[in-house]
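When the chains are written out, they are named A, B and C in that same order, and each has its own residue count from 1.
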Amino acid sequence: MAALLDVQDLSKAFGGNQVLQGVSLQVRPGEIVGLLGPNGSGKSTLLNVASGFAPADGGRVLLQEQDITRLPAHRIVRHGMARTFQLPSMPSRMSVLEVTLAADTRHHGVWSTLLRPGALRQAEAQALTRAHQLLDELLLTPVKQNAASALSGGQKKLLSIACALMGDPRLLMLDEPTAGVHPNLRRDIVQTLKRLRQQGISQLIVEHDMHFVREVCTRCVVLDRGQIVADCRPDELASHPQVIEAYLGRQAAAAAQAPTAKAA
Amino acid sequence: MFQFVLDVLIRTADLALVAVGLSAVYALVKFPNVSHVQYAALGAFLTLAGQRLGLPFALAMALSCVVTGAVAVLLNTLVFRRLLRSGPAIAMIGSLAVSMVMVALMLGVAGSRPLRYDFEIVSPLVIAGARVSHAQAYSIGAALLVLGGFAWLLYRTPMGRRMRALATNRALAEATGIDAHQVTNLISLISGALAAIGGTMLAMTSDVHVNLGTDLLLPVFAAAIIGGLGNPLGAAAGALLIAVAETAVTNLNFGWLVGQPLAFLPVTYIGAASFLFLLVALLFKPYGLFDREVRRV
Amino acid sequence: MFDFFIHAVSVAAIYALVAVSLNIQAGYAGLLNLGHIAFVGVGAYAVGIAHHLQWHPGLGWAMGIAAAAVLGFFMSRLGRNLGADYWGIATLAVAEIVRTIALNEDWLTGGAQGISGVTPLWSSLDAGSARWAFLATVLLVLALAMGLSSRLGAGRFGRALRLLREEPALATSMGYDLVALKSKATVASAMLAAVAGAFLGHYISYVGPDFMLASETFLIWTMLMIGGLGHVGGVVLGAFLVQAIYASMPFAKDWLGIGSDVAGAVRLGLIGCLLLACLLWRKDGLVPETLRKL
């Protein structure tokens, strides 16, 4: 089965700091891949380069077998990839509903508004229905008319997922979707992501929360200092020597290798 | 040839002091203060007022520096700090409004006719075949002296160190106990004084008129941006570059281009030269020629 | 006296048109264009040059609108990632370059003298009727522009611009081409401004480089800030308010017995203070933009 997202030998440096060193990974249709690693390992950078928010120094990124390496971010979105941000910043003078509607980018030009009002009205009506539905699924209906910036951190993450879904993506890339989120809301996010997988939306999720990863991900990729050190199932993570080394250091890894090692 | 060099130096002296002050303050307030050039005009007018009241020229200029510096501090404290809470764009528009009020005051008090300082008529000096008036010579000398003094302040005094610390990393500097408001006020005072000197020098070599500040706007900003806003000495280098561009543009004989023995660009295109420079600078090196900072995407 | 009133309203309506045009850039998209007056000047000069070359005035209008669109496109593409305030200075520089060219190229623009004797609109009517006809025409076009601008602002274009203004990264992640959006806003704004410029050229029957002084852009910005950035009705209100101050100056001057320099100073100072007051105490203007209920 051809990979949905194929990252080949990606390199990226900031100043003198080589953040990504020849990273290769794949996301196949139907997978939820967790991207883990200690702070500074390059997880967010990988996401940024793959989604076009930072230029790659070397390597290729293929989406549905199309080379998107040099494409600008807004064009990549049109190819079926959507992403969220680690710290979602929302506008203060737009309501939650309006922000969601904005995510449907059809007919937003000057000519469309002036010369094709009918087509625009139709698109707007469709978008409104879809927006209401998405906001409902993500439990944001009670705050629909509130200013988007007034939402709590967790709600903003849900809103950014709603916006990402408005574009009907095949691949959803999430940057720490549960960081700083209330446990109740966290549960809802977990349910949502599982449901999305059943609807055919594959996912690449940068995460720290091990419980979340075990609940949701079908596969885990671990980065350490710009290189992939593990690619395994979530239940294999705790005993994987390179993973332990990355998070806890070489001595801990050596200790874990001893016969009396306990599962984390 | 030497005349060319002299013309460049004179123009540099006109621009440098104002540009350096602008750049220094920008390092601390982080918004382009369009009214800064009006301090130059204000300084020129105040020196004239002092002279008309009977004070010797040097004293009049010194007082003008003090008053202009005070005005700069007042405006910074009462107006710009408040506007900055709404963001640099609003602060910039605010500085536009302040410019309008300052020009209006000068227009109302002094009228629209150009005025001149009261100097004895002395024949100009002749150095290496080039003519330079005493005023122009003083202008260049004063600029060099003042710039040297400012550089000394910036790099050899504790206050200068504090200013540079604030400019580089505000949060960290404040955490070490540096009083941002105090430093900003002091730099505002100094830059206002610098502008006053620059304006007076410029008026010395031409005249005092209401549009003195506005005419300086784009060349000074070009110089400051080319040198890197926030890099005061870079602004002096930028002023030199702008002066070279302006002088070259109108002194170069383009006859060979159009097949005539003599063909010069009209004098009014001097302005266009610095504006073009500014555009090119903004397009290719918005952080200035001397930019060494690595910026994360 | 009544004639003066018609005159004042006509000029105010033209400036209101310019304000509505700048609002598309500044109010909707948050673009700090300080060289907007260049578009007005281009529209006016196109009409003047057409008259000078004895072409059909319609050709002048078309040329002006097209040239303004090109200039607007150029301005919008200046520097990919230039911060808002830096871009503002760049637009100021472009406008000054345009003005300098107009000042120097006598063969085309009449240099400092400008082009005079531009045929007024409705010249086939007698003077009195022509004034009324002109006023009616301008007010009609203004109403049309206000309607179109409101429609743009309330629709998807306006929504995209607002998002661009507040959260550009979010907008990009949704698939919006930010540079293209900015260009669309600037070009639309420029074309409307050129229409206003053409009206101005016909009305005063004269076109000169002083039209494009930087101080004119600041005047328009004052109208926008006073009236409320983003709100079409507000900016028109701002335009009429500022024009009222301007128009009443000659009377104040005679009444108070002050010289023309002082009168000019008072006018400028008043506008500056008004702008400053709006920025300090009412950043959103007299008629602020509110959250839209959908």
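The rule we apply is simple: a contact is a pair of C-beta atoms (placed from the backbone, for glycine too) under 8 Å apart; a residue touches a chain by one contact, two chains touch by 3 or more.
Just so we're clear, the structure is a prediction, and the values are computed from it rather than from any experiment.
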item: From chain A, the most remote chain by mean C-alpha position; value: B
item: Chain closest to the middle [Cα centroid of all protein chains]; value: C
item: Distance from chain C to chain A - Cα centre to Cα centre, in angstrom; value: 44
item: Whole-Å gap between the CA centroids of chain A and chain B; value: 49
item: Centroid spacing, where centroids are CA-atom means, of chain B and chain C in whole angstrom; value: 30
item: Residues within chain B bordering two or more other chains; value: none
item: Interface hub residues of chain A, defined as touching at least two other chains; value: 53
item: Chain B to chain C touching residues, read off their complex; value: 31-32, 79, 82-83, 86, 88-90, 92-94, 96-101, 103-108, 111-112, 214, 217-218, 221-222, 225, 266, 268-269, 271-272, 275-276, 278-279, 282-283, 286
item: Residues on chain C engaged by chain B in the complex (per definition of touch); value: 30, 32, 34, 78-79, 82-90, 92-94, 96-97, 100-101, 103-104, 214-215, 218, 221-222, 225, 259, 261-262, 264-273, 275-276, 279-280, 283
item: Interfacial residue positions of chain A with respect to chain C in the complex; value: 51, 53, 72-75, 77-78, 82-85, 88-95, 97-99, 101-103, 105-110, 112-114, 120, 123-124, 128, 145, 147, 160, 163-164, 166-167
item: Chain A partner contacts - residues on chain C that touch it in the complex; value: 148, 151-152, 155-157, 159-160, 162-163, 166-167, 169-178, 184, 188, 289, 291-294
